[in-house]
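Here it is: the structure, laid out below.
Chain IDs A, B and C follow the sequence of writing; residue 1 opens each chain.
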Amino acid sequence: MVSLKGKDILHGNQFSKKEIDAIIKTAGYFEKALKKKDSLNLLKGKILATLFFEPSTRTRLSFETAMQRLGGRVISMASAESSSAAKGETVADTARTVDQYADVIVIRHPRIGSAKEAADAAEAPVINAGDGAGQHPTQALLDIYTIQKELGSLKNLRVSLVGDLKNGRTVHALVELLSLFRAKLHFVSPESLRMPEEITSQLKERGIEVMETGDMKEAALASDLIYMTRIQKERFEDLSEYERVKGSYIINEDLLKGLQKKMTILHPLPRVDEINPNVDAYPGAAYFRQVRNGVFVRMALLSMVMGKAVD
Amino acid sequence: MVSLKGKDILHGNQFSKKEIDAIIKTAGYFEKALKKKDSLNLLKGKILATLFFEPSTRTRLSFETAMQRLGGRVISMASAESSSAAKGETVADTARTVDQYADVIVIRHPRIGSAKEAADAAEAPVINAGDGAGQHPTQALLDIYTIQKELGSLKNLRVSLVGDLKNGRTVHALVELLSLFRAKLHFVSPESLRMPEEITSQLKERGIEVMETGDMKEAALASDLIYMTRIQKERFEDLSEYERVKGSYIINEDLLKGLQKKMTILHPLPRVDEINPNVDAYPGAAYFRQVRNGVFVRMALLSMVMGKAVD
Amino acid sequence: MVSLKGKDILHGNQFSKKEIDAIIKTAGYFEKALKKKDSLNLLKGKILATLFFEPSTRTRLSFETAMQRLGGRVISMASAESSSAAKGETVADTARTVDQYADVIVIRHPRIGSAKEAADAAEAPVINAGDGAGQHPTQALLDIYTIQKELGSLKNLRVSLVGDLKNGRTVHALVELLSLFRAKLHFVSPESLRMPEEITSQLKERGIEVMETGDMKEAALASDLIYMTRIQKERFEDLSEYERVKGSYIINEDLLKGLQKKMTILHPLPRVDEINPNVDAYPGAAYFRQVRNGVFVRMALLSMVMGKAVD
């Protein structure tokens, strides 16, 4: 029996394949349950604290929705301005303080390792909702859940990851999980934003087939799924280089027509130009369903770490 | 049978007279119900998202109170700083994202038309809580509800609207609704802040009696109700002009004594100097009751758009 | 019978000894009750408004936890930026507005006397969560509750208050309450941050034994309890003086070993350097238990002012 009771959720690679299966199954259970009822009573009386030292409306509201759909309550710090951090308090002290209030803690902080510090300080389970360039494991899990639902299986997948593969914590965590299911991976990026060599070589060592290319269409033709990410202007010193690169990684109707097959498209959002809004109505455009799936996956994680998961 | 189920609330002029009657009746029902019980269960399990790209504590807390008095839950973005908008996300994308979390969405945004964009993107009902210089329909509805309650009827009203009639979205929406009930209107403002000509002429075309003047006392003598608004310093290039104008639109005990009859006084608040605090105890000073009425009217709107209104 | 129904909580010295006993007893009841159940139903349907014109995550979340553990709901203004105050609204008007929404109001504001203004304007009970250099009575009450629990009694206490005794509203309110129980007080501070003369002489007039010293160890040897506070850099013109002073008021393992007896250590938090994290595991280190006690004490106050306290 898989149990996450009392555990912290800190890193994409902390999960066994069995645990991921259990999370997916539990999320699926909640998805079905919410079709019959708006909210459940599983975490009635429990309190979630969301501590966002770095603001993220999307992620914070997703967790707060998940908690409330489970019947629980929320206390919330939406930005660091209003925190004791301004007075020089350590993350550990803040976590230990909030531990006196809440039954489970979600933390986002700009510094790598901060979620771990919070987890070490607090008795309550701590969930990492992004620690700078570090990890964002619940995003990776909701990606996996979405892929399973959209494609029916996680086995024998052919996945193109596109955009800024160098800095994206989302794609780093995702390939960790995908590797458990032996996916075939295409890394599509400009030269300057390639997947870090250490990740690529680790994947290869584990026997994962990895192809690197700058050509999105070529990769897409050999894939079932495109995982699109935003290329951030700030990463470029040469703005003309940015404009050139950006222009070559855009999903629009032309591209999809050229593929002559159904393609599943994911994106962690927010997007800027990299997916044309015309594509939103395309059956394979799954990025808003992906957002919704985030609620189910976070419901699963919250209920499981509190030892209240359904069987 | 009037039904607003699934509808968006975007504009003061979207309502028929019948719909306004139904909203007033439903608000009245909730006002009575809250005298017996602190909260109801009508929206138990439902989630409201309040998205305030432009902060407004008063309006946000009014909606959040209304939702919770109905037994529902809230997720909240209190200011745009903490939003994906900073990363370049469109209002439509933000709305469609939050649509995956919430059952109903309230939005305030500094740009005209933004609430409509959100409504087009989201499946859940969207309520406009102010879109820049555009509309603020729930304020107009709570004004109407307050007038009905304070004066016993909406028929044959004589109303003075005072202050900045040029820029005030509140008074623009209010006169739309008042015109449905054939009120006689006095527009009282300095020359530079007159009601826009197009609104005045439209009203006249519809057969509404409109008088324009700079003299508040004269207008008050011929009215049952004064709707006061704040004159904003920022609107004036010439500060001495501002001081002169401001001084001539102030409600105090002297003015009320001079009227020799009961006058009902409304104000959308916050006020600065335009109503003297000495007036607060005056029986016709209805502006804090108006605030409370906002909760009942928003309870009515939330329950009606969710198809849960009482009969 | 003690009753706080409908009363405001504004000042540390507003309570009789009997009332403090009742608060402690009620807080103790809630502490026990929460061991059996995550939340209660005592304030079901009631709404708390937290108005923080000056941010304080710790205090705000403590109140919001307390309210929700009692089954109540919360509406929240976490910082003044998003408030009508920016438009020139008085605290009284804001309070009277929020009074239309909520059943009880907690306010923090940077100006002395602001909580009293809010209380005068609102019908609902108002709780002062800090008004600038003024009062912070719920902190003093939770300190008293913690002392009672840690030491078993409030009688014949010997207490060292250490650090910035000049500016700390926390210690000012605490000595008020301690004086009711005839504690023996040691004031330990650098010369420039001594307890204000008027407080010291008032205490002495009431027959309280007060000793002033700059030597923390000497005072600790003659005390059962050290109440530690942060020395703020901003208070010093001469930074070398700050460094010297700061260094002499630090609790670490060496100090505790030198005392050769168990010492109870409290701190209102956040701390910076004045208590070494190595001390956290020391049995007498009670400052995180103190944080948790804040929830029980605030549950007591919320339920008592709403007339819903248990017997």
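The criterion applied here is as follows: a residue touches a chain if its C-beta (ideal position, glycine included) is under 8 Å from a C-beta of that chain, and two chains touch if they have at least 3 such contacts.
All figures in this text were calculated on a predicted structure; none of them were measured in a lab.
Following the contact convention of this document, A is the list of chains adjacent to both subunit B and subunit C. Annotation, subunit A versus subunit C: rotation angle of 120 degrees from the Cα superposition, expressed as a multiple of 5.
Rounded to a whole number, the gap between the C-alpha centres of subunit A and subunit B is 40 angstrom. Multi-chain contact residues of subunit A, defined as those touching 2 or more other chains: 78.
Put simply, subunit C touches subunit A in their complex at residues 37-39, 52, 55-58, 60-62, 64-65, 68-69, 76, 78-79, 230, 269-272, 277, 288, 291-292, 294-295. Touching subunit B in their complex are the following residues of subunit C: 44-47, 49, 73, 75-78, 81-84, 87-89, 92-94, 96-103.
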